[in-house]
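Starting off with a structure, shown below.
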Amino acid sequence: MVPLSWYLILSGILFSLGVLGFLLKRNIITIFMSIELMLNAVNLSFVAFANYWNTHPVADKSIVPLSGQVFVFFVMVVAAAEAAVGLAIIISVFRTRETLNVDRVNLLKL
Amino acid sequence: MVHQVLFIVFGLICVAGAINLLVQRHPISSALSLVVVMASLALIYLLLGAEFVAAIQVIVYAGAIMVLFVFVIMLLNAGAEERTRGSRIALFVGVPGVVVLAGTVGWMLVSGSGRLGTVSISSSNFGETHNIAHLLFRDFLLPFEITSVLILIAIMGAVVLGKREN
Amino acid sequence: MTKNLHLWVIPVLPLIGAAINGLLGRRFKNAMVSAVALLFTAASFAWAAWAVWSAWPGSGIALPHIETLATWITAGTFSAPFGFYLDQLSMIMVLIVTGVGFLIHIYSVGYMAHEGGYYRFFAYLNLFMFFMLTLVLANNYLLMFVGWEGVGLASYLLIGFFFLKDSAANAGKKAFIVNRIGDFAFLIGMFLIIQHFGSLNYDAVFGKIAAGHFTPEAGWGLFTAIALCLMFGATGKSAQVPLYVWLPDAMEGPTPVSALIHAATMVTAGIYMIARSHAIFNLAPHALEIVAIIGCITAIFAATMGMAQTDIKRVLAYSTVSQLGYMFLACGVAAYSAGIFHLMTHAFFKALLFLGAGSVIHAVGGEQDMRRMGGLRKLIPVTFWVVTIATIAIAGIPPFAGFFSKDEILGAVFHSPYGGPVIWGIGVLTAGLTSFYMFRLWFMTFFGELKLGSVDIGEEPHAAHAPAQAAHGMASHSHGHADDQSHGHGGVHESPWVMLAPLVILAVLSFVGGWVGVPQFMRGHNEIEQFLAPVMQSGPAVAGEAVSDKDATTSHAGETTPENIGEEWLLAGTSVAAALIGLFFAYLFYYKNPGLPERITTKMHGIYMMVLHKYYVDEGYGAIFVKPLLALSTVVLWRGVDQGVIDGLVNGAGTASQGVGNELRQMQSGNIRSYAAWVAVGGAAIVAYMIWLGVTR
Amino acid sequence: MNGSILMLVTFLPAVGALALMLMPRNDRALRWAALIISIATFGLSLFLPMYYDYGASGFQFEANRNWIGQTIHYHMGADGISMWLVLLTTLLVPVSVLVSWKSIHDRVKEFFVLLLLLEMAMLGVFLALDMFLFYVFWEATLIPMALLIGMYGHERRIYAAVKFFLYTMVASVFMLAAIIWLYVHNPQHNFEYAAFRDVIAHGGFSSTALQWLFLGFFIAFAVKVPLFPLHTWLPDAHVEAPTAGSVLLAGVLLKMGTYGLLRFNVGMFPDQAAYNSSWINTLAVIGIIYGALVALVQPNLKKLIAYSSVSHLGFVVLGIFSLTTIGTDGAVYQMLNHGISTGALFMLAGMLYERKHTYEFKEFGGLATPMPVYATFFLLAVLSSVGLPLLNGFVGEFLVLSGTFQSTVPHGMLFAILGSSGVIWGACYLLWMYQKVFYGQIHHSENKTLADIDGRERISLVPLVVMAVIMGVASPYWMKSIEPAVVSTMPQAAGIKAQSQKDHNQDKLNQKTVAPALPAAVVVQNATATGGQK
Amino acid sequence: MNPIQTIDYIRILPELVLTVFGIIVMMADPLLKPGASRKGLGLIALGGTIAAIAATFCQIAWSARDASFASPGWFGMVRVDSFAIFFHMLIPAISGVCILASLEYLDAQNIRSGEYYALILFGTVGMVLMSSAVELVLIFIALEISSISTYILAGYRRRNAGSAESAIKYFLLGSFATAFFLYGVALMFGATGSTSILKIGPALGSNPGLLAIAATALMIVGLGFKVAAAPFHIWTPDVYEGAPAPIVALMSTGPKAAAFAVLLRVLFATTSSDWLPLIWICAALSMTLGNFGALMQNNVKRMLAYSSIAHAGYLLVAFAASNEIGRSAAIFYTASYAAMNVGAFAVVSHFGAGGERYVSVDDYSGLGRRSPLLAFTLTIFMLSLIGIPATAGFLAKYYVFNAALSANAHPTALVWLTIIGLVNSAVASYYYLRLIVVMYMREPVIAEAPAPASGAMRLALVLAAIATIYLGVMPGRVLTYSEAGARDLVPTATAAGSSTSGSSTFPGTVETTPAK
């Protein structure tokens, strides 16, 4: 018996670490990875909630606990798509700027 | 009991991997630590009785997506990142912000933990593939179909942006 | 159904003349211009004479005879008509204006013959006639104000006639503005009248008063306020202290203008106005008091200044101011008819003096400094004789006109509660001074020997005119002022008859003019007194008690008891004596031994300088009012408030917001991680806030 | 003569502008077209006084149609006040087309298009009876004027244009807020002027709310007038604007401000108007004197005239916030006068600029000799502006001042006296100006040969001068339509007397000196009161 | 029997049509010669948008025939009510105009690939779907579709470093925000066990638990980012500056409109109004930051970017009013803003010429002389952005503030918001006016005269201008639509309206004005 909150807290921690990664990492690819981390955190809470709603059946039949897992599926699809596009964009940035350091990618400002 | 132990173990591995992702300076190491996070997450999914999700977590995420990452890292042979001080804001504004965010959310969950109750490895066939399939191809048919457009865009985008200048 | 006299025609005729000359005059020959001007003035005079004749008391037309042409202004309950008002008072005035005006028109034909802008001159002159006649014929204060302002305009234009000379332009401007200061008070007076009588029509206002629920105010009240406002207005027009300063400068205008406007007619408008509003003044003892004092001060003050002047026209100007002071004094002691009487006689002899002076100036080719004149007696006999008559008249030596009117006034002053022996004394002294400086002028001009050009003092000839002569048709080549007589006539010469004729007529008038007012104690009937009585009595009997029974005793000396007949004779005698003393001193200083004045002036140099510089009043006004005002406007208001404070604030706000904009833009460091930080912080803030809300609920 | 006439008058210029846009860039043709259109508009507008029912008060020629949904209407109408302002506008536009005849030679098409659009907007402002419509026109005047200044002005034209635009823009948003607020609280859910009036009267709003609304409107109009502390855009705008721009700016745009004050601030918020009158009148009087004093020391002809406008508009505001029928009559009349006399002055200044390309006094002097006719016209304009009796200026000023003098708003008498000093200042700066330009010797030889004004310029001036004289002697003709309109706009003119007499003691004192001696005074007051209701 | 009926296909007809055309374009592209112009494809894409609009009309017809049309379809995934239909009209129209503007642009930038149009079309699919989706997951996917396509399009000028940078910035920050949104969805699922907007509302009631509140907050973050509302506006200027002008035209209007649609659906789903103060603050912040940031901009694209932030602020004012008038005002505003902003960016993209050389304000000097028509149209758009009467911008602002003032929740606060907004719009007039000033009052600085606009560009400009004027003068018809949409948005508008006046800790809700 694990309290749901543990899972949620874990996902919260992962999410925050993802945000921190975005803020602190310099390499664009790593930053992108931290975003993936955030998405994973979200997935975790989806799955946890799915399980929660499954173990706590409610009167409202319209609630489908399993949909939580389906969301995860969709999130993964989106993540994949983002990965493809994102990496392509990173490549084109690298082509034009010859760097992957975000701090050097600041032509556009003010 | 077992459940708790397993959760704690894999949870700690997750967090460790995530932290490692942050502290590692070379993108490859970060990528690998992310793989660790994902793998252990997959196990946690199993604990939550989501076999199918656990499976695709490994296949799609750890497999496809991370491979893509590693591939790009190799392609651009990105070296260890230099610690430039590009943004003081991120440090002195962002980090406290994150702390506040985490703090509030965490406090909320802790305080609400009683109300939230617990989860357990369900004996039921909950999370089995055919249930998911039934859901996916009936209730979520429209989103499922629409994702095709998404993927189409992704492919096109990758092609457009990736292809050499003529 | 009284007969319609179409009084409006009287002022409108000159207006037509002005319009014709003003619009088309440039294409006319001088002869044509003068023909038009004279024609319309004469017609107006004729019409006025006819109107007066047919409205003469006892001719069946009830006086005052009011004709309303149309409404001019109407708003709310207030309304002012184009209405005309003929009573004994305006009869006298209209005859003086049209009569003297006509004579001066004739004179000008000769005098201005060689000036540029001939048509312009006559257009202005006719315009002046129009406004002056409106002033005296109006049946309400607002229409009077029309004339009042209008004559101001006309004099502005005529003083500035030689506008190429800055001095002339300045003088014109000064005249107009100083008058405006008076008009300001006049306006306030009118507002008060409107507020409390609801109308500005004489019949309405005086009717209400005559209805008689007002007693003369013990203290300072409404009527005092009104009276003082009107009085201040009058001081502007009639060149009284403290607003007299414009009149001497006004001598920059052509001499006929000085004669018509600044001696005979316009400057007397103030007197007319006070006499017209006597009903109000009678209710305001304090106001009368002040009027009397101002008149008295002006009289003596101007007289002293007149003594030191060397410019012949300026001497006459100051004498005008001083004589106007007499008239004010008369009004101040509620002897209005005496004031009007003096107004009339003064119109005759002062116009004559100015025209005479003009003739002299004309003769000596533009010289105005008496020290360069002398011995003209032989050269211009006619002028000499007429000026002599005028001088005697103004000096107040019987039986010339001046004597009677001046005597009226002094008598009234002596008995009046507002006058009294002191003011009377000053009046007599003034009379002496008057006679002194007038005979000084007379001796310096006509006796001794001609020293043209020899004396090189006095104001320098105005170089302005050399180019001016070359200049356009409009430019004056102003032979009246040019110091050389390069054009036309050579040496000293008598003026043409077209100029002399008016002089002669005026001379006759200033000789006999006074006989209409021979006081009873001299076995006369004082016709003018009788004639004006109905007007002046129209002031309510009740109000009269305090005042007019006294001035009854004084001015209708006839009805008084025998023993003060002697007193009357005594008073008259004193003033004559004063005049003769003045004459004697003038003879002594300026004929017997001309060296004397210099010695005296050198002895009492300080005083002399002060007098010579007119007590530095102009300079004082300049230093106290004009300069500080300009400085204030420039430094404080314009540069300070306008550009400094207000615009400073406005532009400051602009730059400030731009600065803010720049600061805000610094958020856009261009660094992705910073951006993410902002997003994260924003997210954190929102989440925290919402949860806090949720918790607190 | 139904509502269609107003629509014709208002939108004919717009149609004309459209036509001009489509015309080829042939300057001569464009000028003539613009002239013909504007004259046609003027001719059309002459129908208003012709068919105006002088007996009736209230609005005439009304047209009221739905515009946007049921709430926003196209509602136009003219009463005695707006009718004459419309005529003033339609008179001034052809005139300013004439003065721009030669002076505008670059981008002629744009110029006349903007001019006609401006005319449309100005007419709309005076005629709109739907507050939304009013605001639309109000803002619509902004752009063409700003462009006219900015495109055809002189050196600092851009600064002036932007300043003008921002000043007005910032101010009018407050009015918009007030309008919307009133609409929202208007049970009839429309923007009708009448509806607003009675929702304010009977809506039971708190006085605080009404005060804010009043100020919202006031600020917008005060900037346009311009009232004392908000006037600094005016000199810049005038100095930089092309002649036609100045003429319309001074002649009409400023009147929009005073019109608004009268129609909306006083017309809709009688109590607030009475409540605020004292400080507003103070500002007005400051404006009168301040404007005059600053004008007195201007080295620049146009700046001087601009500041004189500040002074003159002070009289108008004073008259309106005297809250007396007489004063307001005078104010309305003074609006027309100022439009004519100052319009003429700006035209004359412009003609001089065409010849000399400067407005600095030191470049002039002695011009009466080479340009006698010009000098004469100028003198007439100056005199009408000085307020010489028998010219239009006097009637307005006199009524304003005597109205204020009798008004029972706090310190009415004091304000009137201070205001009257304006007659002195007016004489000072205007005669000073006249002397600087025309009298004395000619210091600049080139001035000797300046050409006098030609036929076109005379034709453009004559109507104004003639109007100045006619309006000076025949004011009743205008008053008979203005007065009923004024009375129906501020019926409280009488009411306020009554109530403010109670709460302003010093005023009582003024009366006290009189009351015993003079029943007449009381009679007058009551008479005005009844005059108010009738 | 098959649970999917024809009616369901009709419900997604525009999306289907757009997808089909997108695929056609995609297929046709390889058939063309590499160097050849892609105009033809552009025209096909244009046809696609027109077809989409036609499809929407078909939807209208159907809904007129079948009352059940407006009820959720696809197992409660989409809901094609008049609200959705409004955006089904608006968004393809926007895309169409942007495509028109792109035709010339791509040749000028010498970009020779047809995917561009395909991407626009697919992106449009996402946006259109966002407006009709009522299920958070579907919304999420649609959002991603539109976002990802715009990421790619933003980076389309691949030779240009700025373009790539704008793409990466947009992409990273966008995904970042999306993660927040998703987290919110997750928590919402946790709180209610459902992600269907229609179910969430009732489930939460008027007193939601902490989880739901946090969820709402996180979703506001995500959507706030998409609509570029402060404090999540920060990416806008950089991205807009770097991205191709026609794409900026699109993404400053299309996705924004869609995102606002989602925001409307989400925020007004829950009957709780805790978010009111937040929106108040966001609105005030956005207006102020946007306008003041724009004051000193010399780059027209950046300036318009800041202005779009400000306009998002005005739009949020309508949200803050949180009454039916407000909702319809918001809907109307999206349309008006789309009209004028697309127009403005169309001009920018034309004037920018090859490589977008001329984008600084000074470059526009003397445009009034050199090409009066272009200047005139730009002037119309600027005036509309300022909010001068008789333009769309004015009426839109007017309705927004009208809504704010007629709100019965926190009247005082909203009066102040209105004042802030009005003052802001006055300040804003400065920098819009600046463009007009340089166009008409300064002399040209760049030698070459702008190339004459192509027919397509002309058409685009004319359409935008006409729309701007039409919405400013004759908005009646569009208004009725937006009001209908507002009504359908919250079936129990009255309930929502009343509940907005529920308990709240918002400062300064003192009644100064006892409205009878």
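The chains carry the letters A, B, C, D and E, assigned in the order they are written, with residues numbered from 1 in each.
Note that contacts are C-beta pairs under 8 Å (C-beta built on N, C-alpha and C of every residue); 3 or more make two chains touch, one makes a residue touch a chain.
Quick caveat, the model's predicted, so the values are computed rather than measured.
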Using the contact definition given at the top, which chains are in touch with both chain B and chain C? A, E
Shortest chain-hopping distance from chain A out to chain C: 1
Please flag the chain sitting at the greatest distance from chain D, going by CA centroids. B
Which chain wins if you rank chains by how close their C-alpha centre is to the centre of all protein C-alpha atoms? D
A count of C-beta pairs in contact puts on top the pair A-B
Geometric centre distance via CA averages, chain D-chain A, whole Å: 66
If you average the CA atoms of chain B and of chain D, how far apart do the two points sit, in angstrom? 72
Express in whole angstrom the distance between the two chain centres, defined as the mean CA positions of chain A and chain B. 5
In whole angstrom, how far does the Cα centroid of chain C sit from the Cα centroid of chain E? 78
If a residue has to touch 2 or more other chains to count, which residues of chain A qualify? 8, 18-19, 22-24, 31-32, 48, 52, 64-65, 67, 70, 74, 78, 81-82, 85, 88-90, 92, 102-103, 105-110
Which chain B residues sit where two or more other chains touch them? 86-87, 90, 94-95, 98, 101, 104-105, 108, 112, 139-140, 143, 147, 150, 153-154, 157, 160-161
Can you list the residues of chain E that touch 2 or more other chains? 137, 141, 144, 148, 151-152, 155, 158-159, 167-169, 172, 176, 209-210, 214, 237-238, 427, 430
Please give all chain pairs that are in touch with each other. A-B, A-C, A-E, B-C, B-E, C-D, C-E, D-E
In the complex, chain B residues that touch chain C: 86-87, 89-90, 93-98, 100-101, 104-105, 108
Going by the contact rule set out above, which residues of chain E touch chain C in the complex? 168-169, 172-173, 176-177, 180, 207-210, 213-214, 216-218, 220-221, 224-225, 230-232, 234-235, 237-238, 274-275, 277-278, 289, 292-297, 427, 430, 503, 505
Quick one: in the complex, what on chain D touches chain E? 68-69, 107, 110, 135-137, 139-140, 142-143, 146-147, 150-151, 157-158, 161-162, 165-166, 169-170, 173-174, 176-177, 180-181, 183-185, 203-206, 208-209
Chain D residues within the chain C interface of the complex: 163, 166-167, 229, 231-232, 235, 290, 293-294, 296-298, 324-326, 329-330, 366, 368-370, 372, 383, 388-390, 394-395, 398-399, 401-403, 405-406, 416-417, 420-421, 423-424, 427-428, 431-432, 435, 438-441, 473, 475-476, 479, 483, 513-514, 517-521, 523-524, 527-528, 531
Which chain A residues qualify as touching chain C in the complex? 19, 22-24, 31, 102-103, 105-110
